[in-house]
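Going in written order, the chains are labelled A, B, C and D, and every chain counts its residues from 1.
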Amino acid sequence: MTRPLVETRDLKKYFRTPRGWLHAVDGVNLTISRGQTLGVVGESGCGKSTLGRVILRLLEATGGEVLYDGENILTYKQDKMIEMRKKMQIIFQDPYASLNPRMSVSEIIAEPIKVCKTIAGRKAIEDKVYEMMDTVGLARRFVNTYPHELDGGRRQRIGIARALALDPEFIVCDEPVSALDVSIQAQILNLMMDLQEERGLTYMFVSHDLSVVKHISNDIAVMYLGQCVERTQSDELFDNPLHPYTQALLAAIPVPDLSARNRPQNIIRGEVTSPVNPKPGCRFAARCPKVRPECSVEDIGLKEVSPGHFVACILY
Amino acid sequence: MEERLLEIKDLHVEYVTDEARVFAVNGLDLTVNRGETVGLVGETGAGKTTTALSVMRLLPDLVGRITRGSIILDGIDITRATEADMRLIRGEAVSMIFQDPMTSLNPVMTIGEQIAEVLHLHEKYDTKEEVEHRVDEILRLVGLPPERKGEYPHQFSGGMKQRVVIAIALACEPKLLLADEPTTALDVTIQAQVLQMVRELKEKLNTAMLLITHDLGVVAQTCDRVGIMYAGEIVELGTAEQIFQKDERHHPYTVGLFGSIPDLTRKTRRLSPIEGLMPDPTDLPPGCRFHTRCPHRMPVCEVESPRPSYNGGHLIRCHIWDDRRCSQ
Amino acid sequence: MLRYVVKRLLLMIPVIVGISFILFVIMDLTPGDPARSLLGEYARQEDVDALREEWGLNDPFAVRYGRYLASAIRGDFGKSYRTNIPVVQEIISRYPATMKVATLAILFAMAIGIPVGIISAVKQYSLVDFGSMATALLFTSVPPFWLGLMLILIFSLMLRLLPSVGTDSWKSFIMPAAALAAAQMATMTRMTRSTMLEVIRQDYIRTAKAKGASQRYVVLKHALRNALLPVVTVVGIGFGNLLGGSLIIENVFGISGLGTLMVNAVKSKDSPMLIASVMFAALVGGLVNLAVDVLYTYIDPRVRSQYVKG
Amino acid sequence: MTEQATVNPSNPVKKRSQLKAIWFRYRKNKLAMFGLALFLSLVLVAASSGLFLDYDTQVIEQRMRERLQPPSSEHWFGTDQYGRDVFARVVWGTRISLFVGVFTVTIALTVGTLFGALAGYYGGTVDNVLMRIMDIFLAMPGTILAVAIVGALGPGLVNVLLAMAIARIPQFARIVRSAIISIRGQEFIEAAKACGTRDGRIIMRHILPNAIGPIVVQVTLHMATTILGVAGLSFIGLGIEAPTPEWGSMLSEAKEWMRYHPYLMVFPGVAIILSVLSLNLIGDGLRDALDPRMKN
């Protein structure tokens, strides 16, 4: 087995809140192979967006390691990290907030190139901007428009072009299609998959939408209150979900198909709480239909129950 | 008693601002029968919310207005009713659940007060005790402990707030419930809880529901009949079976919508989305509104608005399926 | 809650010490000799020197400031260089005038500003709205002292209804309060109108309408309370400022309040007087702010629960 | 709004300046346009007054034989107790008030922006220390600080201007800080960080251009209050001193004569109101034009 491009080891990010420490990311271990997509799913407050930002060091981790091509980038000094940023980029959820409203499309796409000085010369930068616009399917006539003059889909294309401008290897996609209408969402998903094929990109695709994640990912990690509860191949997860939370999540997806209409409903009770000063044990225990007293004794780590299928549950 | 509860005919709604005139709803026909759930599906800007607000007569003052058509609710034409009549109708005969539970409740009133208010406004009970008793009963109905009625909205989670909103909407046991994206702001497991509760309550109270959503999955789990909206019109309308049956005749936009969502049961490498964007509602294209994006566009689509064609109650508004044209 | 109040009170201490330091520095840089100005131009140099020695003015800055702080902690803020009366006593005797004007002014401003703001918002784009907004705009642009002079011209000199100077009767306070209230009133009108308009657009207002409530009911029962929350802050800030004394209006109407005290202190280089009166004004302003924040917890349940838990 | 509203799909889109869009919205606001016209004419008056008025002979020279004349065709606004033409003095006063307004705010803004930007961008200890110091200044009644500084520096136009500027620095620091904090958390700043942009460039290229709108609004409104403030100080004799024709000190002199010569008070007062009003109208108009959501 080759070395993964990105690997996290016991990665932790805690935030200080008035009520105590919020364990947003709490001991997450992930691997993402080169040219593959890891989907990260979970409900709001599970720490999936924080995880992406900690991996990119947009937030500083509280503990653990992020290995990029085998090296722990969390120990990098500022200059080395800035060099590193050419290789790893991010696409955001909100195509409104993630583009500087005072910059035109060409300025937004050229900004990373100017910052990192990967290309010199006005003409060369301009050519690169046009090349990026062609790549993401954004008509060249929009080059001088401002983000607020464009619709959500086009804005998201600008965000993708900006991320690709430095020719990165690895992109964290933080809910990139959640704010878009379904027909536009499909256009953007197709674009992202094409780009991955053409450029051999590696994605970490963060989303709350399981059907989108399944569509685009090779592997999926399910998160609950800051922890990864299950991780395996995409098809395996859907065919054979092991963790009770994964099972509940899959059961809750409304399927656009009448045959699913009268299937037995096993909806879990209760709501997601916030992981402030969490007690030891399984975070899902309070809502779990299969809970046992042992669940709340100590933290439960991921265990490989079958080749490539990891689950953090006492039942396995 | 007549079977039809709500009958919208040829509804046109416009928003007029300083800058532009927005054609939000353009000739919408829709009926909802007693006890039935009708889904209204479409993307942003299709005119779904405007339709519901028209039924409530709560279009924004000075800006939005109904320019043509009628809305008959239980024999009363809402477009002609006085404001005083409307106050009696709202909350009593028809009520509405809004999309965002976070902002739909008054932050400085307890949830108990907010539920009791609708009962007071419609003079449902004479004494304070009866009202309080009813509030407790409704809270239990939506799965909230009545002891929490003295708490304020910010003390509840999103899913619980939406339950409160539903409790307010159902307090007077309305004949019609307009639900505008009631679960869009909620997490998937909470969405499942809320949807199941709504289904059960609807059954229990025999309330009809117009469910507005962009999510075909929610529609499939909930609705008896489904209308697909595009640019202020219903382009396809039929029973859930007719709409979700893959090998039936469909409007190209419906086909596009289904092609845009990833299928959990099959492994497809590429999605087949609809090309292009929603048309600008201030400057709608002539002929069929969808022709600018339609893969089956014909010359006639650009000039002539398609007439609805029916096939056993299954309406499609498209030149391709217009039999009269085919026979020519 | 009590812990919060105590914490806020403790946080005021460094601010007040900071004020004393800044003013001490400024007064130190101010040219002129307070001893000389007390004794007069023709006093003998020996007498001046003796007084400087008595007041400790010949010591280095750090020593003088340290001595000031040390005695201030014991509650001794010194004597006025000008009158030789303990400054605290002087402030206490002057303060009621300022407080009366400020209270009357804020009451005027609230009584007119808030209702007009509400009516303007409810009847947006009407003639009433336009008229009150134009008036408000005018009132923010009129210098209060000029307005005061105009009031004197009309009500004292022409109509002879109100006394132009002094603090002899309650009538004396009407004009200064009105002159001070104008700008506050304008701010409150505009603020009330804009928050009201903001609130009227909120989803919960639509929810209330969907229940079948009338426009009037929705405005009074749902919009008003939410719209007034930010206005409370504005009232508090305004009141805090007014209680600090107005240098200029007190001058126009010949009121010897806190403002006049401060101006005279600057003019005669009376540092103990100036520092004590500014600290007093800051203290009063801080207390009003704290009172507003405490009041907030009673009217806004969202704020209340923050303190209950924390 | 969908993009077709602003972009014609067939032609390449010309770069439309954002200033133009703001101007387009501003122009529709009649009151704001009135304010702008008023302000520009005041600027014109101030600029041209030097051309047709001689300061020494027409503005400050005393002609006791012509004292206290009511308005007439010769002296439009009448003459004061020293026989000086009030019209000439009010016109010359425009120069002084506008000068004081512009320069005070410029100095306060420059220094305030520096502090505010440091505090807002870095947060944490830097923010805490800077803002606690600002709190001390903000806790003092606004005018007394200026009065005390004038006392230390001595009277005179430049000193009053400096005193007012120093007294306003904390306010601008607070405005800039809160503008920056509201922008700092936005995703496009994270995007800039994600490609290794250094702090200086993030502040200059991403934060300040977005913060400029609300700051400009505050600048105009503060110019208005500065003009009011200086007039007030001069009125109580702690600002700009006679014989300089500052409106506030003119009013202070006129006060003695108000019973029998009230016109002396009217014209300087109206001049203050007009200049302050014009700036307030511009400020309000800019606020609406910069943030179209606030309308309706």
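Worth pointing out:
Simple rule for what comes next: a residue touches a chain if its C-beta (ideal position, glycine included) is under 8 Å from a C-beta of that chain, and two chains touch if they have at least 3 such contacts.
This is a predicted model, so every value here is computed, not measured.
Of all chains in the assembly, those touching chain B and also chain D are A, C. C-beta contact counts were set side by side for C-D and B-C; C-D has more.
Separating the CA-averaged centres of chain C and chain D is a span of 23 Å. Centres computed as Cα averages put chain B at a distance of 54 Å from chain C.
Annotation: 32 Å between the Cα-based centres of chain A and chain B. Residue numbers of chain B whose C-beta contacts span two or more other chains: 277-278.
Across the assembly, chain D contributes residues 2-3 that each touch 2 or more other chains.
The set of chain A residues that touch two or more partner chains comprises 151.
Chain D meets chain A in the complex at residues 2-3, 6-7, 9, 11-16, 18, 186-188, 190-198, 201, 205-206, 209-210. Touching chain D in their complex are the following residues of chain A: 53, 56, 58, 81-83, 85-86, 88-90, 92-94, 97-102, 104, 111-112, 115-116, 140-146, 149-151, 154, 159, 162, 166.
Of all residues in chain C, only 14-16, 18-19, 22-23, 26-27, 29-31, 137-138, 140-146, 149-150, 152-153, 157, 194, 241, 244-245, 247-248, 251, 262-263, 266-267, 269, 274, 278, 281-282, 285-286 touch chain D in the complex they form.
Chain D contributes residues 132-133, 135-137, 139-144, 147-152, 154, 224, 228, 231-233, 235-236, 238, 248, 251, 255, 258-259, 262, 265, 269, 272-273, 276-277, 280-281, 284, 294 to its touches with chain C in the complex.
Chain A contributes residues 43-44, 151, 153, 181-187, 189-190, 193, 208, 210-212, 214-215, 235, 238, 248-249, 251-258, 260-261, 265, 267-269, 271-272 to its touches with chain B in the complex.
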